[in-house]
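The following blocks contain the structures, represented as C-alpha cells.
Note that chain A is present in both complexes that follow, paired respectively with chain B and with chain C.
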Partner chain A sequence: MKRKVLALLLAGAMACSVFAGCGGEKDSGNDSQKVQSDDAQKDETKDEEGQEPSGEETGDIVELNFYYSNSPVADQDRIMDKANEIIEKEIGVHLNLIPVDGAQYAEKMNLMINTGDDWDLCFTAHWMDFYNHTAKGAYADLTDLLPTLAPETYSRIPEGLWEGVKVDGKIVAVVNYQQWGAAQRKGFRVRSDIAEEVGFDWKQLEDKPTLEALEILGDFIGKALEAHPDMIGWETAQGGNLFKSDCLYWDMDAVGDTEVPGWIRLDDPKTVINQFETDEFMEFCKIMRDWYEKGYVRKDGATVTDTTPDRTAAKFVAELCYGWPDSIDFPGNADVAKMSMCTPENAPAVAVSTTRTIIPAGAGANAAVAVNANSKNIEKAVELIELLNTNDELYMLITQGEEGVDHVYDEEGNYSLVDGMYNFNYNEWQIGQSYSPTFTRALYNRNEAGEMAKESQGIVFEADKTADVSPLSGFVFNSEPVKTQIANCSAVIDEMLPSLCSGSIDPEENIPQFLERLESAGVNDIIAEKQAQIEAWMN
Partner chain B sequence: MKTGKFKISYAVIHILFILLALACIIPLLLVLGISLTDEKTLLAEGYHLIPRQFSTFAYKYVFAGATSVIRAYGVTIFVTAVGTVLHLLFMSMLAYGLTREEVTARNKLALFVYLPVLFNGGMIPTYMMMTKYLHLKNTLTVLILIYLASVTNVLIMKNFFRSIPNSLLESARIDGSGEIRTFFKIVLPLSKPSLASIGLFVAIAYWNDWTTCSLYIETPKLQTLQYLLQSLMNNIRYLQQNASASRSMEFAIAELPNEGARMATCILAVGPIILLYPFLQKYFESGLTIGAVKE
Partner chain C sequence: MKKRNKAMRRKVPLKRQLPFYIMMAPGLLLIALLFYCPLPGILIAFKDFNPNDGILGSPWMDPWFKNFEFFFKSDTARIVTFNTIFYNILEMLLVTLGAVTLAILLNEVKGKVSSTIYKGAILLPTFLSWIVIQYILFALLSVDRGIINNSFGMDIAWYSDAGYWRFIMPLAYMWKNIGYYSVLYMAAIAGINTDYYEAAQLDGATKWQQIKKITLPLIKPTIIVLSLLWVGKLFNGGLGDWNAFFSLPNNSGALYRTTDVIDTYVYRSLRTLGDYGMSTAAGLYQSLMGLVLVFGANTVIKKVDPDSALF
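And now, the complex of A and B:
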C-alpha cells in the first residue's frame, strides 16, 4: 500500500518534470536564437519569433517583455489577448506585460539587469534605482530615437521634465506624464465642518509662510479640540514631518535625498545650507513643542509608524495637502475636498495652497519607462511606448479593462470598478502617460463632477508649462565620497528628528545638542561636498 | 498530607501547562476573530475574540479573484507534497550512501556536500544558472528544485543512519536482500521518526516559500499561495503609502480591509499546513524510543 502511494507521488513528480522539460525546451530554443542575434544587430531582426501563435499571415511578430510593479491582476489573459490584437495589428509587436510584486520589484530588476536576463522595457523611477541602473548603462540611449519614432510622446511632455531623465545629456527613459501634472503646489487642509462650527476663516491661510500658517492653525486646532476632545489636532509620526521630505513648505529644495542634510533655498540656489541650522527649524520645533504640551498632537508621535488607522477614522482636524488647485482657486476640486483616506461624508475638508508652484527636480524621473540597452528590438520598444501613449483605446483597455465588464457607469454617470474583475490596482501611471490633452486616458465620471475634475486638471497642465522649474533639475548628487558621513548623520537624524518634530523634547535644549552631534558625525563634509558638486555642475 | 502536597504540585503543573496552551491557542483564535470583524468596528473598538460586528468582507476581498487563490492553493499543495517526498528521497539516499562503508570515496564525496555551506554562488549566479542555463524560469520545477537539497538535513540523517546497526544490514544481505531493497524495506522504515521531523521542516519551508516564486515565476498560473497572499497585503500597503504617487488611488483606500485582510490571509496561509502537525505527532513520540533497536 505504502509503496503504491510512493510510486504515485514519484509518478506525479516525473510527470511534472516532463512538463517542465517542455517549457524549458521552448525557452532554450528561443534563447539560442537570441544569443545568435544578440551581437549588436540593432537593425530589425524580425524572424526570431517564428513560434509565436499570432494568427497573422506575416509571421514576423516581435515579442517584447515589459516588466513593471503590480500585484497579481485577475483576468489578465483576457485583457492582454485583446490588447495584443491591437498592438500586433498596429506595429507587429506581441507585448508580454509582466507584473512583479512591489516588494520584490527593485531586487528583481537589479537581478535581471546584472545577469543580462531577457527584458525589453521596464518601469523605472528615481526612487527605484534609476540613477543606479543608468550608471551601469542598463538603459538604452533614446535621445535620437524619440523625436523620430515617438514624436507625439516626445512633444506632449513639458520640456522641463525631460531634464529629469537625462544623464550626461542623453535621454535614457521616457517620462510617464500623468493626468495630475507635474507641477507641485502644497498647502494645508482643514476640516470644513469644524471650521464652520468654531468660526474659523480658513481662507486667511492663503499664501502665508509655513510658520505663520502653523500659528494660525494652532488657534483653530485649540478651538476645534475644545469642541471635539476625542480628535487629534495634527499628525505626528516617526516617518514623516515637515523637515523630512517637504522642502517646498520652507521654500527650499533638497540636494539629493531629502533626508540628508544639505538643502538649498530656492531664492539662493548656489548656497547649500544645513536645513537643521535654520531659524525655521527652531521655530517649527518650538511650535510642535507648544502643541505637544497643549495636547494637540499624539503623545507618542515620535514612535508612531502607521497613522492609517487615525486617518481612516477621520481623527485629524488639520493636515498637509499636496493636491491642488485649492478650494479658493477652484472650489469644485473634489480631490482636495476631503481629509486624507476619508470620504467627503465623514470628513469634509477645504484646502489652501501656501507654497509657490514648482516642478521639483525629480519630477521627470518620478515615473518613467526605460528600454534595455541590450535589447535587440530597441526601435520596436520605442514604437510600443509611442503606441501605448497615443492609442487611447489600447491604454484604457490595459489600465481600466472593458467598459460594462470591468468598470461600469451608474445612472448618474459615476463610474465604479466591478469587484473581482480585471483591476489594474491603480498602477496605470507605470506603463505610460495618463495625460491627455482631451482627457481620454483616465476614467472620469460622465457628469458634472467629471467635468470639474477635467477642468481642475487642466489648470495643472497649464501651470506645468509656466511653473518654475527647480534650479536643481538635471543635477544628480553623487553621494559616494561622503557615504560614511551620510550614514552617520542619518543615524543621528533618525534618532532625534522624530522626537524634535513631534514635540516630545524641548527644542531650546536639544537642538544645539542635535547640531553638535551632527557636526561630529561629519555634516560639514556633506555640505561641502554638495556645495562643490553644485558649483561644478553649474559652471 | 503527603498526597495533599502532591496534589498542589500537580495543580501547579497543570495550571502552568494550561496557561501555556492558552498562550498558543488564543492568538490564533484572536486572529480568526479579527479576520471576521468589520473593518470600521476594528478601528473604533479594537480587537476582540468574538467579533462585535460580524463581517466576511476581508475574506471576500481576498477571494475577489477567487480562481487565482484556489489555483495558488493547488500549486502550493502540489509543490509541497512532491517537493517534500523528493527531498526526503534524495537526501536520505545521499546520506545513506555517505554512511555506508562500501562507498570507499565517501569522505571525498562528502566534501562536495559540505563545501557549498561555506562557499556558495550567491544570488546573481544562482539566478543566471536557473534562467540562462537551466531555463527553469516560469516552471513548476524551479519551485521544487530550489529546496531539493539541504546539507543540514543530510547531516542529521547521516547521524541517524549511523545508529542503525550494521549487523542488521549485513543479516539482510545474507538473507538475499539487495541494496535497494534493504534501503527501502529496512532502513527507511526504521528512520520514520527522523524522516517525519525533517519532512515537517521541509514541508513548512516549501509551504512558506514565496521568494522563489517572486524571482522565477512570471505567469499567474504558477503563483504560489504565499506569494499571492503576500502581494495582496503589499498591494494594500502600497496603495495606502503611495497615495501621493497616484492620486486616483485615494478613492480606493478608504474601502480597503487592511487589518481584517491581514488576518484573513494569516488564516488562509496557516490553513492546511496546520493539519500536518497532529498527523505527524506519533512519529515525534516514537522519536523518543529510537534506541529500541539493540546491536
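And now, the complex of A and C:
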C-alpha cells in the first residue's frame, strides 16, 4: 500500500516535470515577457505623467531590452526618461537599458541565452563568450540589415574590424568603435617621480622585447623599493598575468580564446604552438620567481583577486600599459601620464611602448553589441543601434548625463563628473561607438588639454587605417570538437598558471609538471584541432 | 520484536493517521518538487542538449557516454572522487566524536549561566556563512599579514602548500558544525531518564562508568541516525556543504589537489563553458557515488545493529 502510494507519487512527479521540462522554457519566456512589459507599462505610465497624453502605451511603441554590464547607475530613471523621449520620437522604440553587475554579467547572459530568455540586445565581447554564443546561434545575422538600416554605423568602422565579428561570413554583432581606436600598441608604465629619484632612464625600454624590458624593470624596481619599502614593485594577481591574455607582449596572437592553449607567433602565423611550452614562458616565470624571492611582488599574488585597493593607494612602481601613443611619441598624452586608477598628483607616470602596432584578431569583437536571434524586433533593434551610434545628443545623454547637472566644466574648461549624480561608470563603450570623426561623442576638456586628447586620438585613428592586421583576423575557432579537452586543460591552467606567473612556485620544477598535466588533459588535441582549422581556413 | 511492531502498525486505521500525513504533506511536497520533479533532467546527461529543442527534442549523444568523457579523461577524476569520500567520512567521524564528547561535557556543567554561555559560544560558528569563515581563515593564514605567521614569526605559505589543507579543511569544518550537532546530542541526553543515573550512583558507579554504560548506549540510535543522514551529504550537489570546499581555499590553484571535491571541480571547469550535458553527467556520477555510499553505510549498520538501519 505504502509502496504503491510512493510509486504513484513518483510517477506523478516525474510526469509533471517532463511537461514542465519541455514546455517550460516557452512558458517562462512568455511569463518574463509579460512581467517585463507589465513593468514597462508601469514605467511608461509613470513616465508619461508629465509628458505625452497617456493611453498610448500599447500603441506602436516597441519595447527593447538591452543588457549590458555596469554597476548600479544612480538616477538612471531621470536620464532614461529623457532618452526614451528621443528614442520614441525617432524610431518608436522604448529602450530598457538593463545594467548587470560586471562580476555576474557573463554568467547571466550565458544563462539567459541557454534558457531562451527574453532579451533583444546585449553587449558582447570575445573575452565574454562571444564565440561560444555565436556557435550556439544566439546572435542574429545582421549582414544584410546593417547596410540598409544602419548605414552610418556600418561605414564609419574600418573594414578590417568587421572581420572580427563575422562568423562563417555573416556579421553577428555590431562593433563598438571607440574613441581610442582599435589598433593596439602596448608597453609599460613607470612612476616618473621615482624614476627620477633613483635615476632610471625609462626611455631605454622603448621597443625592447618583453623579457629584456622586464629585466631592465627589475633593476629599477629593486632600487625603487629600497627607497620606498612600503611600495609594491609589480602587480601579480590570480586573474591576470602576461601569459593569460597579453599575447601581444610576446609577439603572438591567440587562436580563439586567449586562455586556451594554442597561440601563433605573428611572424609564423601558420604554426599553432602551445604558449606554455615556449622559452618565453619559462624565462618569464623565472623572472617572476626571482621577483617573488626578492620581495618585489606580493607574497600572496597567486590568490589575490582584487588589486583595486593597491592600485588606488598608488602602491605600484611599474605596470603594464595598454594605452598609447606613449610619452615618447606624444609627450603630452594625459591618458598615460598616471598609474592605473590613480591621479597625476599621487602617482605621476610615464609610458613607453614596446610592442608592435597591430589590430588584433579579436579587435572587432573587443566590444560589440549583438541582437538576439530569437528577438521579435530584430529590425527595430538594428535601428536602435544606428540611432545610438549617430545621435550624439542621445548617446551623450545616456553615457554622460546632462551638462551642468551630472557633469560640469570649470572656468578653465576642465570637465568633471558631479559626485552622487548620474554616472555611467565609464561604461559608455559597451552601448555604442564613442568614436566620432568630429570628436562629439565623449567629454573633452574645453581647453588645450582637450585639444591634445583629440590630437592623440587622431594619431590612433590614423594608425587604425595603416596598422598591421593580425593574420588571424576573420578566423573563428570552433571549439566544439575539443571542448572536453578544453574544459580539462582550463582546470589545469586555473590551478597552476596563477602560481607560476606570480612566482609563488619554482618554475624549473613545476613547468615540466604543468606541461605533463596539460598533455594528459589533451592539450595536443587542441593544438592539432586549431592547426587543422587554421589550415583549412587559409586555403 | 520487529514483527510485533509491524503488526501493531497495521492495526492503526488510516483515519487516525490522517493528521500525521497532513503534517507531513508540506515536507513531502517540497521533496517531490525539489528532488523528484527534476529527475527527468538526468536525460540531459546523455543528450546533446540545447534549450531551443528542449530536453526531449535534443538529439542523443553519440556515443551515449560522450558527456562523461570530460570527467573521466581528466587526471583529476580520481583525486576529486577520493577527496570527496575522504572528507565526507573523516568529517562525519570527527564531528560525531567531537559533538558527542562536547554534549556529554556540557551536560555535566550544572551552572545555568556558564552552561548557557558555553552552549552559545559553541553554537555561534554554525550561523556564520562559509564566506565569512573564508575571510576569518584568510586573516589567520595570509602569508605576509596573517595572524598565525606574524605571531609565531613563521613564514609558511599556507595558501600555496596543499599538504596543510588535509588538516585545515576538517578542522574548519568541525569548528563550524560541532556546535550544531552537540545541541542535537544534548537533547538526546536530556531525554534519558535520570533514574538510571541515580540507580548507578547508588551502586557506586563513577562518572566515566555512567557515561560508558548509560549515556552512550542510550544515545546510540541518535548517533546512528545522524551519521546516516550525514552520509552522502557532500554528494548532495548544491544543497550539500560544498561551499566550504569552494570558498575556504580562497581559489588558490595550488591547493586544488587536496581541497577539490567533485562539485567544486565540475563547477569551476564547466561554469564558463555553459555545457549542460557535461555538467549533468558529472552531477549524475556524483549522485551515483552518493547512492553507493548511503547503501554501503546502511549495510554496515545493518550488520552492527539491525534495528537502527534505515531500510
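Just so we're on the same page, the second predicted complex is superposed on the first by the 375 of 539 C-alpha atoms of A that agree within 3 Å, B and C clash if a C-alpha of one lies under 4 Å from a C-alpha of the other, contacts with A are read in each partner's own complex, and residues count from 1 in each chain.
The criterion applied here is as follows: a residue touches a chain if its C-beta (ideal position, glycine included) is under 8 Å from a C-beta of that chain, and two chains touch if they have at least 3 such contacts.
As the structure is a prediction and not an experimental result, all values here were calculated from the model.
Is A:Ile505 touching the first partner chain B, the second partner chain C, both, or neither of them?
second
Determine, under the contact definition given at the top, whether A:Val172 touches first (chain B), second (chain C), both, or neither.
neither
Going by the contact rule set out at the top, does A:Ala140 touch chain B (first), chain C (second), both, or neither?
neither
For A:Thr308, select first, second, both or neither according to whether it touches chain B, chain C, the two together, or no partner.
first
Does the superposition put A:Asn114 against chain B (first), chain C (second), both, or neither?
Touch partners of A:Asn114: chain B and chain C.
Across the two complexes, what residues of chain A are contacted by chain B and by chain C?
Looking at chain A, the two contact sets intersect at 9-10, 13, 16-17, 20, 25, 114-116.
Could you pull out which chain A residues touch chain B in their complex?
My answer: residues 6, 9-10, 12-13, 16-17, 19-20, 23-25, 27-28, 31, 71-77, 98, 100-104, 108, 111, 114-117, 178-180, 308-309, 312-313, 322-323, 335, 340-343, 366-367, 419-420, 425-429, 442.
Under the touch definition given earlier, write down the residues of chain C that touch chain A in their complex.
Checking each residue of chain C against chain A gives 28, 32-33, 36-41, 50-52, 54-57, 69-70, 73-76, 142-144, 157, 159-160, 250-254, 256, 265, 268-276, 278.
Flag every residue of chain B that touches chain A in the complex, lowest number first.
Of all residues in chain B, those touching chain A are 43-44, 60, 64-68, 78, 81-82, 85-86, 89, 123-124, 127-128, 131-132, 134-142, 144, 211, 214-215, 218, 220, 223, 227-228, 230-232, 234-235, 238-240, 243-250, 252-254, 258.
Enumerate the contact residues on chain A facing chain C in the complex.
Residues in contact with chain C: 9-10, 13-14, 16-18, 20-22, 25, 106-107, 110, 114-116, 129, 132, 136, 238, 298-300, 302-303, 305, 374, 483-488, 490-491, 494-499, 504-505, 517, 520-522.
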